[in-house]
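Since the structure comes first, as structure tokens, the remarks are kept for the end.
Lettered A, B, C and D in written order, each chain numbered from 1.
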Amino acid sequence: MIGIGVIGAGRIGRIHAGNVAASGRARLVAVSDALESAAASLADELGTKATTRGAILADPTVGAVLICSPTDTHADFIEEAVQAGKAVFCEKPVDLSSERIRACLATVEKTGKALMIGFNRRFDPNFAEAKARIVAGEIGKVELVTILSRDPGPPPIEYVKRSGGLFRDMMIHDLDMARFLLGEDPVEVHAVASCLVDPAIGQAGDVDTAAVLLKTASGKIAQISNSRRATYGYDQRLEIHGAKGLVRAQNVPLTTVETANSHGFRSDPVLPFFLERYAAAYRAELSAFLDCIEKGVAPSPSGMDGLKAQILADAATESATSGRPVHPIY
Amino acid sequence: MIGIGVIGAGRIGRIHAGNVAASGRARLVAVSDALESAAASLADELGTKATTRGAILADPTVGAVLICSPTDTHADFIEEAVQAGKAVFCEKPVDLSSERIRACLATVEKTGKALMIGFNRRFDPNFAEAKARIVAGEIGKVELVTILSRDPGPPPIEYVKRSGGLFRDMMIHDLDMARFLLGEDPVEVHAVASCLVDPAIGQAGDVDTAAVLLKTASGKIAQISNSRRATYGYDQRLEIHGAKGLVRAQNVPLTTVETANSHGFRSDPVLPFFLERYAAAYRAELSAFLDCIEKGVAPSPSGMDGLKAQILADAATESATSGRPVHPIY
Amino acid sequence: MIGIGVIGAGRIGRIHAGNVAASGRARLVAVSDALESAAASLADELGTKATTRGAILADPTVGAVLICSPTDTHADFIEEAVQAGKAVFCEKPVDLSSERIRACLATVEKTGKALMIGFNRRFDPNFAEAKARIVAGEIGKVELVTILSRDPGPPPIEYVKRSGGLFRDMMIHDLDMARFLLGEDPVEVHAVASCLVDPAIGQAGDVDTAAVLLKTASGKIAQISNSRRATYGYDQRLEIHGAKGLVRAQNVPLTTVETANSHGFRSDPVLPFFLERYAAAYRAELSAFLDCIEKGVAPSPSGMDGLKAQILADAATESATSGRPVHPIY
Amino acid sequence: MIGIGVIGAGRIGRIHAGNVAASGRARLVAVSDALESAAASLADELGTKATTRGAILADPTVGAVLICSPTDTHADFIEEAVQAGKAVFCEKPVDLSSERIRACLATVEKTGKALMIGFNRRFDPNFAEAKARIVAGEIGKVELVTILSRDPGPPPIEYVKRSGGLFRDMMIHDLDMARFLLGEDPVEVHAVASCLVDPAIGQAGDVDTAAVLLKTASGKIAQISNSRRATYGYDQRLEIHGAKGLVRAQNVPLTTVETANSHGFRSDPVLPFFLERYAAAYRAELSAFLDCIEKGVAPSPSGMDGLKAQILADAATESATSGRPVHPIY
């Protein structure tokens, strides 16, 4: 069984570390965090050891690392890890600068080590099944993709300020999903955005409501909408139209219970946020990463997928600001 | 075009007369009612004439009559009409006494005239489609039928007193539907019933909540439940299980609109009562009756279907009263 | 009862004339058509008379006309009719040239006669209910509108050539709906479009798949997608997000029947095309027009609504062609 | 943390032992099985020890046992365990003889130890939520309960022969659920049953398709239907009608993905069988048992619930055989 080190013991690091521990396929060797107490607490909970990043990278029993530290450390840590001979799974985004990502990927390539990027939604059982049906030809050639993604509420303003903006922080997932579903890179990006949910977000220079229109070279179209507000849960849906029909993935409700009275029928809100909605996705994502290591499968989403999503997020940011479409260069 | 006379200008007579007038396939020659003003008002509305039942039966331009008068007149009027050479459509039930029905059907048979009974639900587009899929073999051999039927609210107590009781007045429709879906006659009837909705119904000697369990000779099973109360509209559903799968027909909502907020998703109540839910069924029923006349198709539901449903309603009434199963003899 | 003349006895003229005849609120005085036999056949069917447009306009018993003739006659016929003192209902669009529409509306204004434009979808019971819930404040302030509209299949190429293009022929309905739901005029229009369904449409200079992104001055956003293909019926949906929740209107299925087997659950395709889906909308639309005449209510959709939708359709056409956003001037 | 011993390492024992190990609330001290290798294999997998039942009962660190052995050992093992001072969770049924259950419960009562019975469905999040809404008064006083339960396919014939028959083996869950939802004991039981799925089941003296009608002293009604066949997954639904409305719990689909084409819309089969459908229920059930031990809450479902369900299953068996209703005495 491969030994795994987890770098970063925050919210997402805890999810991945827990999944490693319960996987039955890999051994959780150690966890590290800039905040020692966070690493210690997580290690204690999972029956593993807390140590430093350096020690993890130096440990020959560690075959792979999961990078779950803050965004501005991702590119450096990826480079250190591949140079230390580890396979790497890194949470999105690789970096907020696409130039930095390009340099990082070049370094990775030289080492020949595997790098997989954490676009977890590709592994959601519902979205993965939708993709599988497209691949199986059930709807014919893809023509139009619609992705809707709404957070239950806005993040803290401090988070917003460091986030790179809605397109790079939130919509980047949907931009990756659009590429995943279109099977082709967008060449034209139109974005509009507003601050309608919380004026403080606008004062911080960001937006909270946005929509994007994408077009590929062959003429396929994608629409994405985002909002930092959804009163009925974490809204995550997609619908794809092809020459032969449509496939769509709906939300997952809290329960299947309905009540009816003179006001009609009431069914449940959808799962509240990503921890609940994407619990299975995080497990499947880890499993896919372990497949890469064990079977030599090419990592997917790859570093290049991470770069292209970032380029699209930059393009959307620029379009929303300038009011003009942007033609991304990958 | 065949000439039609409508006998009875009450609520159901008005529906049928209006459908004849708008059918484009038959001519509404005249309407009659024991209450002259009711006939006059309906005739005026539809641009036809009001007359007496006798005049309708004597009119050689009338080829068929629709009997929509009170239940206790049905058997007599059917006999008069077939003896006058008319094809007859009669609202259910033929009579509250199965002996009287047998005698009436014997008279009809002697004349060779067509008699069709108004079990309108067989013509509901949803229920008819469910039946068509059974006939097409989509679910294999039928094993278990569940029928649910709930009125939005109890009828007036005066109506209850004359109705023959819930099994003969309300469940008779579901008993006919069970035979229609099972494709076989029940040989064992278990019924339980209560007065839970309105004590006045109990004081009038009737029940308002009931369920029946039916078994056929080959072992097929049907369940029926009825209530005189449904806060969310007129609840009319059925589900049939066969060897290869299930088919079911759901209710029809007022609109397809949904709203969502922190309480979840709210969709509309279902169509409020039979006038709305079965509007299309009444039109299709008339069309089927005209097919009988024009094409010589055997009427369905037939007088025998009317008799058998009545026998089952009697059996259910007896079972609910005695607490013992009843084995109906047709 | 007001007397109505119907000008144009083609597909849509037949619908409106039939609805007038069955309305019980207005008298169908006469129908006309450039093709005399079309008018004669419709008149015969509905028990009214066929005549010329001139005779209709000269008839003092005609209080209002419904203009259902080809698009290029609309503006002229509107002007003639209002100058003849008639209230006018005119099918969309008023004209393919927004300048011609402006001139026509100026003429109408001078006469003070009522002019209502046939954006029938505002009267669909589902869409009207969605709007009513917005107006009632159920979802708070509107933030994001998504409209999806897909025809079951492409129209004949000859129709496409004369149609003014997908944005003016098909999406104009959705652009009007966006204004209706946003409660505000878009000031920024981004459009992308492709020919993915039928190469002959591209050869005719048109597109068959398109999406538009709209933004209003206050920052509200709307997304529209259109396709000339939908294998599962006529797809007509909308979803509106506001500060307090969402409201959406789904399609109407053929029946409520479902079957289940090892492949899962199958429910029906949606109503096949506009005649079925919007049958109730056309009746409600006529009823609204009669309300204008009888009660002096201001017509809605108004001529100005017709103009603004046309301006948006022009803007979308220009944006899709130029690849740049357009800022419409109303 | 309380120490737990698991007696029986078959399919259901493995589920419960795994849940104890992962609970974070209890310590899995040991597992035993008549088949030593089964216990050894499970112990190895969960990092605990395999031992004998005697050793578990003698171990002072074991505070509670989970009895997951064959049905015919349940009553004996319960008695041994409570006499050894352990709290007991026992899989349903306590015994196939209601007399033996009564004797067993008397023994339990003398020891004062907690006994909880494994009617897992009460803990399904959907069914538990339905019950919670009834308790909260959302539908008013309960009037009519409908429970549907269909296995995906028949069990092995050897299992059927030892099972006590469909009513005691399968419907006992639904009979418990009926009591749970009615909040009252049935006093009248009508059952019908057939062998429609597999003739071998009939040859073994059992049935595979059955329906029951229950009535309580206050007039509440319950309907249950069972089949050993469902091509679209493990069908587990319930619907409760009350004075103010209905509450129902639907199945859980494999995914939320739908496809549409000219045949209509296809959604997924439901979860395949109890391991998937009731995974969360088994965890919640264990949690409730631990609550009993830790907080002294009275166990629910109790031994008396186990007895009453068995009495109802006996009554249904007798009714289906005799063709007469049975009035159970508890």
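One rule holds in what follows: a residue touches a chain if its C-beta (ideal position, glycine included) is under 8 Å from a C-beta of that chain, and two chains touch if they have at least 3 such contacts.
Quick caveat, the model's predicted, so the values are computed rather than measured.
Here the chain-to-chain distance from chain A to chain D, counted in touching steps, is 1. Centroid analysis (C-alpha atoms only) places D farthest from chain C.
Inter-chain spacing, taken between the CA centroids of chain C and chain D, is 58 Å. Spacing of chain B relative to chain D, judged by their CA centroids, is 41 angstrom.
Multi-chain contact residues, meaning those touching two or more other chains, occur in chain D at positions 231-232, 244-246, 260-262. Across the complex, chain A is touched by residues 141, 143-144, 146, 148, 150, 188, 190, 192, 194-197, 209-215, 219-221, 223, 225, 227, 229-232, 241, 243-246, 323-325 of chain C.
Listing the residues of chain B that touch chain C in their complex gives 22, 125-126, 129-130, 133, 138-139, 244-252, 255-262. Against chain D, the residues of chain C that register as touching in their complex are 231-232, 253, 260-269.
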